[in-house]
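Each of the next two complexes has subunit A plus one other chain: subunit B in the first, subunit C in the second.
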Partner chain A sequence: MGQFTQFAINGLMSGAIYALIAVGIVSVYKATKVVNFAHGYLIMFGAYFYFTFAVIIPGQEWAPEWLASWKPSWMLEMRKGLGMFSPLGAVLDWMANIPRILLGLVGAVSCNAILGRVVERTLMRPLMGQSVFAMIMVTVGLISILSGSASLIWTADAAFVPHIAPNTPIRFELFGTMIFLFGADIVNMLIALLIFGGIVTMVKFTKAGIAIRATAEDQSTAYSMGISVPKVFSNAWVLASTTGAVAGAILATRNGISPSLGLFGFSVLAIVLMGGLDSYVGCFIAAMSVGVLEAMTQWKMGGEWAAIVPYVAVLVVIIFRPHGLMGQKEVERI
Partner chain B sequence: MINGNLKADYSADERILNNRNKQFFVYGSMFFLTLFPVFADDYAVLMACKMGILLIAVIGVNVLTGYTGLISLGHGAFIAIGAYSTVIFSNLFDGLPTGILPFVVVPLAISVSAIIGIIVGLPSLRVKGLYLAVATLAASFIVKFLIEQDLFSPWTGGIVGIDTPVPNILGWELDTKREMYVLITVLAICTMLAAQNLFRTRVGRAFIAIRDRDYSAEILGISLLRYKLMSFAISAGYCGLSGALGAYFYARILPDQFGLNLSLELVAALIVGGMGRTLGPFFGVIIIMLVPELIKISMSSATGGSLDWARYTAPVQEIVFGLLLVFFLLKEPLGINQITDRMLRAINRWPFARG
Partner chain C sequence: MTFNRREFLATGAAATAAIGTPMILKAQAKEYVLGASLPLTGPFATAGQLVAPAFSLAQKLFNDEGGIAGIPIRFVTEDSGYVPQNTLANYQRVLATEGNSLVAYFSDSTGAMKLIAPELKGDNARLMGSTSFASELADPATHPYQYLSGPTYQDQFDILMQNIKLAGGSKIAIIYSNTEFGRDPLEHGRAKAAELGLEIVLEETTKPQGADIPTHVTKLAQSGAEHCILHGYVTGVWPQLIGGARQFGLPVQFHGTFWGMEKLIADRITAEAGPFLAGYQGVMPYRYFYDRDDAPRYQQYAALSKAMFAGTPLENYMSTWALQAMCGLELAMKALRATAEAGNELTADNVAENLSGISDWDSGGFFGGPVSMTNNKIGTGRVYEYSPETKLFTPSSDWLST
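Up next, the complex of A and B:
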């Protein structure tokens, strides 16, 4: 039981990140009926943008000094005399990084928003009304374009990326066992859950969200009701790429930046299909359960087997429920 | 006005090469392929061999995606299965005389591939379109993962790869690339003919009916279960043959050769060339293999072969690959075959309107 709780909590934390990524794929699918195979590579771009704005730019000579490391006098005063691993010390260390973390997040989100809009305008818009196959294959082509450009632009080796939240180790007792967690992981999970919840509420209640749902229901009817469908399309892509940017930043702090971040998108794609392409709730359930399953596999069978858990899970689910756990069944007429 | 297509009897109408331009093109290319190893240098022969191996696999994908309408993003896995089965069976049947070993091993590799193809194809009965694309993708990740495992490394060599045997056909040892070229070219032409003929049979027509509308096909009495799985088996078998040739061609095979990139390359070649057309894979493979080569050559000559620029070659190749795929999808979704068709029609009808 002891280990179990620890791994279950770890699983839930990575499940939350999966959910954050899944929200992008689901939003694009709901609005445009396109499954974005290149979403993982959008995330990779988000991670690289975060790296650029949080590490490379503050490291330049022309950048002001407070950007790289913000050290007001009161902070130095407090820092004095604190032990090496004291929680307050970790928080203060993190506060010194606040300016560049904020710059990194803002930069990553805005750059990725532009990227998402450009992709939608140049590649997806001309294909409106074309077959699903063509649209999927365009996103497959986008994979190569994005991963090639990323290795063309960011040739430098990715160094340390600052954590979004203070990374203090936290220990507490739950069900009679010691649980050991990192502060940053908890904050990451909270961010992911907040964004996920925010988007679901937005789609449910705001005007733009209702436009997305109406377009998902029936494009031509939505058109005739005065909804600008092209606008909905590009909003959905921007939504996907901005959430992807946040997810990319989180992943960059967790696992470091590498081109393999793009492959991460495929496992999330598997999760989305498992949950049902057009259901936020289904994806949330699938993301959490895959997260936990992965953690359990890691515990029982070793780290590398965890890599194929999403793929095995999606195959099993698809055979029994072809449209995912909570996906809407498509009605086909001849 | 349609002219240049005069058919005086049914046998003329049923011929594969039913007009003079096609005959000229096909016999001309066969003639060129025969002469090719005589004047080409080693590098060109190597490229031609790689193209031939890829071509056989793309023909397989064409059977599934182009003719049966089932999307697969995981066919690289079948090539891997073909290649690894060839190596494993060669080591297993070590006692057989080497001259007849390929005649045992290659059919076995093809059948193993086909059987795995049927297993992977099982979800296709319940899902289609992108669900199937993701299912095949997932299956290919799983296959590659299993090959890399230490558990199977006595047979597969694990992540560091495994040495491959030299093929020996009835005493003729194919230990140079030029000899392999002969084998690969002959097999590529045979598979292409087999694929062309498949679609003149009952089975092939059933595939096309499923592509056009699967429920309608079912109502017409075509068993979806049977024909979808058959399509998966045939296309996986083609990929298995391609993998077997690959195993004989390369001195060593690594799991990384059969990753996502290979699967994407297969689909991209098919789209660029033209889906559901016999010559589509042929044109597609030429473009997909030659364009990166041209980029490499032109970049190294433009920069004087300096090493600083050499590291930009691979990313540029990748970007151009993606752009090619996107360009063809946006501008010519029917692929190069459509362009050549238009040209041939224009030549046929000259000097009349080009319609």
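Up next, the complex of A and C:
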């Protein structure tokens, strides 16, 4: 049972990241009916922006020293004699990075918001009124533009970024088994869940959220009711880009920075289809299920199966519920 | 028999054409072309972009030395995105455009080598090196024109397991990426472990990028392994696995293979995440670039790098990945030059024959001593260990041959 709990928690932590990625795809779809195939590459840009503001800028000669490493005397005193992986040592090492982590997050979210708005205004807005298929094809083209631009700006060099939260090892015994968790992964999961919950609440209870839901129901009716549909489109893209920036930063801390980060979006597309393209809650359930299923399959059957089993489950769900777990039945698919 | 003037001229012209046409057709090229596909984009773009400058350095170096029997060489490099089909298309394109001037090709993955192998027949065959150390390719009977510029992944496993045995290890884990590259030496590794009396307590496969680190580390902890071989990774996963295991408090000794032994990656991880790679060991076919006191060929590279790549990180350091490409090109050039100097055409058969005959080659420092091509590979390497303090990989074994 202890083992089961260990792998279930591992799966939930992965699932939370999938959910954070999925929220961007669902947001754009709900507002615009466009499946954004380039979402993974928006995430990749978020990761590179985080790298720029948390690593490149603090490393410049002109940047203040405290930005790269904030080490007041009391911290140095406390750090003395602590091992690299001691819980307190890990927290203190992380605290020294707080200024650049904050700069990185603010920079990544801001720049990705601008990127999302630019994409919407220059590529999507001119196609309003045209077929949705054309807009979807534009997102496919956007993949090449974003991946090529990232290589031009940052090159393909692999790099590493500071953890958003202290990566303190956490150990406790459960059902006679020692459970081990990474502190940063738990915080990443909480961040992902908070953002996800915040967006669902916003869509349900705020005016902007109601505008998104109304646009999702029927764009013409929403227009006639005084809702600025172009603004909803724009906000949806900004929402997807900013959540993507956070997801990108988290993925970068887990896997390092490289152009392959863009590929994550594709695996999450299957999860979104499983949950329902227009359902936040459905996607959340699907993301968590796939995360746990992956971890359990890896545990019991090994990695070869872990790459297949969760996606077989996705297919099975889609066969029996073509609109996904909680998607609207009238959804038109490509 | 008598000829009138017209008959004499016509016969003479026909004879000249008959004798001269083959000579015209076989006229020496003004330059020889060596093609290459590199993963300049895609999942292994980091490696591809570090290797690419080696080709411009090689072109300058080899041409300064007289090219191939006095004829200059030119490299044609293209991006493959690490997609084997793209590499095949690149090869076919350069074959069509350069024709007989194309004398060798450098491919960029095991998958591409296997995909292209059946195409290497008759006039379409060329000598072909690559980034791959796939064991299947080290067989002249099935892959006569393809070669490895070092030991196969199976050989690398042999070297690592011998070293683990010498260190008194008994329980090992093998963690590998779910790719052709990752799976390559598995079966052989199992047999070798049994032969050496090593118990494989965990065989764990992971995604090549973005693996679920907590899950893999948990399984490693449960396995009770003393040593863990990581294989099938380039820039990612292996550092995160080691970092996770260290946080877990696991005293496992980690071992890597060629593609997970790059100093640039180890240094970047150390700078960002701390010195947790201390003691990380792995097999490396070549001397590292900074260890060039006894490596005259490296010294030539260093002098050229300083001039050609001034102001870039490549000015002072050549990655192990670029060294592998350079070693492959050195071998190809050696075979091409030997073929040309013997007065033979640079056909794939002639060049491959010279390549397989390379014996006691003084590589100028790549390897510990003179090496020979056996089964189209060079089965030698040694174990290095990383130190975060010095930021260097230093030898922890002698040169071992398989």
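Throughout what follows, the second predicted complex is superposed on the first by the 312 of 334 C-alpha atoms of A that agree within 3 Å, B and C clash if a C-alpha of one lies under 4 Å from a C-alpha of the other, contacts with A are read in each partner's own complex, and residues count from 1 in each chain.
What we mean here is this: a contact is a pair of C-beta atoms (placed from the backbone, for glycine too) under 8 Å apart; a residue touches a chain by one contact, two chains touch by 3 or more.
What you see is a predicted model; the values in this text were computed from it and never measured.
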Fit or clash - subunit C, subunit B, common subunit A: clash
Touching partner for A:F264 - first (subunit B), second (subunit C), both, neither: second
First (subunit B), second (subunit C), both or neither touched by A:F180: second
Which superposed partner A:V317 touches (first subunit B, second subunit C, both, neither): neither
Partner chain(s) touched by A:D93 [first = subunit B, second = subunit C, both, neither]: second
Subunit B versus subunit C as contact partner of A:S14, first or second or both or neither: second
Which superposed partner A:A286 touches (first subunit B, second subunit C, both, neither): neither
Partner chain(s) touched by A:L123 [first = subunit B, second = subunit C, both, neither]: first
Which of subunit B and subunit C A:A295 touches, first, second, both or neither: second
Which superposed partner A:M189 touches (first subunit B, second subunit C, both, neither): neither
Superposed model, subunit C segment overlapping subunit B, candidates 114-122, 132-140, 186-194 or 366-374: 114-122
Interface residues of subunit A shared between complexes with subunit B and subunit C: 147-148, 151, 155, 263, 304, 307
Residues of subunit C touching subunit A in the complex: 40-43, 45-46, 48-49, 178, 203-207, 209-219, 221-222, 234-237, 239-240, 244, 246-249, 265, 268-269, 271-276
Interface residues, subunit A side, partner subunit C - complex: 3, 6-7, 10-11, 13-14, 55, 84-85, 90, 93, 147-148, 151, 155-162, 167, 169, 180-182, 185, 251, 254-256, 258-261, 263-264, 294-295, 298-299, 302-304, 307
Contacting residues of subunit A [partner subunit B, same complex]: 35, 37, 123, 126-127, 130, 132-134, 136-138, 140-149, 151-152, 155, 263, 266, 269-270, 273, 304, 307-308, 310-312, 314-315, 318-319, 322-323, 332, 334
Subunit A-facing residues of subunit B, complex: 71, 73, 122-123, 126-127, 129-131, 133-135, 137-139, 141-142, 145, 149, 213, 215-216, 219, 260, 264, 267-268, 271, 311-312, 314-319, 321-326, 329-330, 333
